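In structure tokens below, several structures.
In the two assemblies presented below, chain A is common to both, partnered first by chain B and then by chain C.
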Partner chain A sequence: MSVGVKRYRVGAILKYVFLVAVGAYFIVPMLAMARFAFQAVPMALLTPEKLFSGWSFSGLGTALTDPEILSAAKNSLMLVVLAIILNLVLLVPLAIVTEVRNPGLRPYLTAFTLLPWVIPPIALVVGVAATFRATVPWFLASIFSLVPFYALWAMPFTYRALDAGLQAINARTLYEAARSMGASLGTIIFKVLLPNMRASMVAASALTAAMVLGEFVFASLLLKRTLPTEMVNYQRGDPRGGLALALFVMVLTALAIGLVVRSLRRRGLNVQTTGL
Partner chain B sequence: MRSLFQKENRLGLLVALPFAVFVALFLIYPTLVVLYKSVMPHGSFSTSALVEAVSGTYRTGFINSISLSFWSALIGGTVGVLLALTMKSLTRPKWLHSTLDAWSAVASQLGGIGLAFAFIATIGAQGAITKVFMNFGINLKDMGVSTTGFWGLVVVYLYFQIPLMFLVMMPAVNGLKASWREAAAIMGASGARYWRAVGIPILAPSTLGGILLLFVNAFTAYATAYVLNSSYALVPLQIRFLLQGNVITGKEDLGNAIVTWVILLLLTSLLLMTYLQRRTLKWTSS
Partner chain C sequence: MATVDLIGIKKAFGPSVALADFSLSIASGELVCLLGPSGCGKTTALRILAGFERPDAGQVVVEGRDLSNDPPEKRQFGMVFQDYSLFPNMTARENIDFGLKVQKRPAAERTQIIDRMIEVTALQEHADKYPHQMSGGQKQRVALARAIATSPKVLLLDEPLSALDAKVRETLRDEIRRLQLEIGVTTVFVTHDQHEALAIADRVGVMSNGRLEQLAPPRELYENPANAFVASFIGTVNKMPAAGLDDGRWQVLGRAVPGSRPATGGSSDIAAIRPEQVAVDPAEDGPAVVESVSFLGPITRVIVDDEGHGRVFADIISADAAGLSPSQRVRLRLRDDVADVVLIGE
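What follows is the complex of A and B.
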């Protein structure tokens, strides 16, 4: 008996040691980043006595008021809004019609929206440069050329979120019920389905925003000035301010995704953030 | 079979067409052009570009990228599964579940320049952990754990690999029913026997599928590696080099050929993954 109890205790202790180790792995880099960003004491000169000296948010303040950063942030926000709109305009009607009219097509659409996974940004950018650069140079010269590609990468998780939303409200039954009571298609879509899909649309939009705010491959290789590319430039001139800014953006994104995920789980809507 | 153009299907066509045109124009067309150009380098069929893309420094690139993806997927996969199993066995601190859940959703998306910056402050030359180990007389850089070395990159990549694996595995682990374990115990099976005969066979497909997903995820990661060490021989960084040097070196076909290999590699992994996922669904959907 005592052997069993002992073994159980060792197992429980191992469990907590493991959890603490994983937790430390996740937390330490963030703390180190915060220290570097907000404490103006080089690591080499940091001694226990100096642990609490030199802390300030001035680096973040300077970075946040830098005109280059501000204009890049404006570009990024514009891309966020446009990518979300394009994505929803393309996918919301498609998801609804597929669900209520041709449910047999759902698996194909699910597979189809996974295509951006097979052709990742770093591969597609070569094709984009090889095709559009020669045929429509004005297109790639504009910052708006990023919009369709950002919408493309948001497709896998957007479609899944919309589809999960439609499944959760039993869209086909609602559609048939409304139809049999004589509602027009427009009434069904705008008064029945869309209001019920608000949660999944918010979730998809938040994930799209997080993705666009962090996207680096296309912006960097097509030489566009967005928040991530400008952040790399800025960090070269002001390492502390650059890290402070990156941490600030990361915390904001994390809070946004975290809030959305939690509110969705509470509604019982299991949206896969991984896009699979 | 009704015709696609009959009246009741016109609505379907109306919503499907813009979507299809969009995907065709921005995803499929550029991809097909790359695939075509990689086997027709100078307007005629030749495999020279495809061969060159996997020789010399580009071979090194593929080897480095594949080993980086392999190790970060294997370690991240193992830790992710263990994390999911541990969390399932712990019921008590309720906040821990929701926190870890939300945090994983966040961290699995974090592979970017912010993450690279965080690790520069941690295991970079002036990093906090580098300094701590230095105090104990251990030089992390000599062990390959620096932001520019191979194992350093593995350590950084794990930051988004572990949470991704946790998210992918949670449904499968939750699908392990307590009644199976009880049934095994009643029939006299030990804990080890239960895992060998029931737990591992059921978790194996989704674990392998998850590891493949992590492999793909690491192989295509770009921003983190670029910030940490832009001259490292990794496929995504070499693609960047070729793309930006296009005009001068005229190595456009080489870039196309590398991308062709990448797409083949990802396609194989993802097909395998879909197959494994289908096997998992059999057990978890009931």
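What follows is the complex of A and C.
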């Protein structure tokens, strides 16, 4: 065997070793969680020999019919929709204008949109809540006060997805081509840029949805009832049912994102460049 | 059809000067190529003409009207970009229709124009395809049809063939010229490919460091380059020492010939000698040695290492080059049919 062939084989084997290691790192805790959630077997007895005994989905069924969980899920879905709308309304025009009119600002905006992840959530909550309390206390009291926090928290994802989408369609040249044909800014945005940004907007929305459905800190600090906070409450009373519910939400979110990607690919839209 | 005048245009990006006092006049219906190396300012000149950049100083005058402060959408120009820039969400037909819709032309007129554009650019089979379903050449034909559909005053082409392969490039180049002559639109074509420029332009503007070095018809540019830069940028040139004679002629490669300016006895200059002006004679005691012989079909390129002149390129009719081979000793001379030489300064 030549040295080249040997190196190639070692490389191929290493590739699979890393793939299996990364897969195991992700899947093993999920499997452990699934066994705990769906096997009616005391935790101390969850040995390999008991792998096929006592499986039951009754805990999940009970959790899914719990009125508190259903009401919290409704809140979370509403927050998903509102956070997506607020994010897109704020960031789509900003990303477009930056790309086509002031491309020199892109690096600064990229850095700026990372700020929500640099500032700890507790600092954000204290600062923003103080502002809301002083100006619009009724807003802080409502569940809707989470929307700006979620929009802000999802901003790094959303902006990057939109920016990648604009780069992928070469938005600046499209803008110039349309202008040279006499089109106004409105025509260019609504007839040329937005229709070609569908993939990145869907990607940005999916990422925002996934983030909102899993966010706990803001809701907990602001004492709001969302799916994650209610799941924690529920788990205190029924650990197995709570974990089953957490797994269910995670799988559901992953499936929803998978379906979105599939539908984008079917329409011939490029998803690799949108962060999904 | 429109006349175009760029008058005293200056443009700098920070410390880098893109255009330094650039002026250019284009006659109605003329096709002018701006040619030059990367960074010479040709694209900046085109973008200023299109209205995408504002000049620091100078005027853009079209049909006698100063458009310097008009935005691109008010100029009624058509533009074709290097990367096609077709709208991905629209078919070829819809792309061509875009500018017509913006102009609010009646539906029947639009259909008529689109059909004509599709016919003249031979896109009948691709009219209902989206850009991602077309080849590079087809996409650029759609871009061209889209740009001329609105009957622009001026057509601007920014390196439209650079992204295409050689064969398609040549075909499309000829199609652009045919269409331009057919509709008679004043056209500015930016390219860094001299063959492209020489093949289709009425006049070629050679640019360097933000300046127009020479603006002339292709043949004049080749035969009478204004300076050393133009001479070496257009085609291949041998820079040969020229010694001034008392009778006003110049001694070049052993022959006395008139120059582009008269000589004075004892003066010296550099003559731009094209490879096809050099003859190579086999001579056992010759001062030069053949370095390589490359058969190029009708002509053969011979590279000779000459004691007095260094590396010299000679293009010889292939039938006459049969006796030449590498390492052979030869003597160079100016061909008998060379009536005069161009002097390009020291």
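General observations
FYI, the second predicted complex is superposed on the first by the 214 of 276 C-alpha atoms of A that agree within 3 Å, B and C clash if a C-alpha of one lies under 4 Å from a C-alpha of the other, contacts with A are read in each partner's own complex, and residues count from 1 in each chain.
Basically, a residue touches a chain if its C-beta (ideal position, glycine included) is under 8 Å from a C-beta of that chain, and two chains touch if they have at least 3 such contacts.
Keep in mind it's a predicted model, so treat the numbers as computed, not measured.
Touch criterion met: A:R265 reaches chain B, while chain C stays clear of it. Shared-chain residue A:K74: touches no atom of chain B or chain C.
Using the contact criterion defined above for the overlaid structures, shared-chain residue A:V192 touches chain C, although it does not reach chain B. Once the two complexes are overlaid on the shared chain, A:P121 sits against chain B while remaining clear of chain C.
Partner contacting the larger number of chain A residues, of chain B and chain C: B. Once the two complexes are overlaid on the shared chain, A:N170 sits against chain C while remaining clear of chain B. In the superposition on chain A, no contact is made by A:K50 with either chain B or chain C.
In the superposed model, A:M211 lies in contact with chain B only, and not with chain C.
Counting contacts as defined above, no chain A residue meets chain B in one complex and chain C in the other.
Those residues of chain A whose C-beta lies close enough to touch chain C in the complex are 169-170, 173-174, 176-184, 187, 191-192, 195-196, 268. The touching residues of chain C, when paired with chain A in their complex, are 50, 52, 71-79, 81, 83, 85, 87-89, 98-99, 102-103, 132, 143, 146-147, 150, 156. For chain B in complex with chain A, the residues that touch the partner chain are 8, 11-12, 15-16, 18-19, 22-23, 25-31, 33-34, 37, 79, 82-83, 86, 89-90, 98, 101-103, 105-110, 112-115, 117-122, 126-131, 158-159, 162, 164, 167-168, 213, 216, 220, 222-223, 226-227, 235-236, 239-240, 242-244, 246, 252, 255-256, 258-259, 262-263, 266-267, 270.
Across the interface of their complex, chain B is touched by residues 15, 18-19, 22, 25-26, 28-33, 35-37, 42-44, 46, 90-91, 93-94, 97, 101-102, 112, 114-132, 148-149, 151-152, 185, 207, 210-211, 214, 216-217, 220-221, 228, 231-232, 235, 242-243, 246-247, 249-250, 253-254, 257-258, 261-262, 265, 272-274, 276 of chain A.
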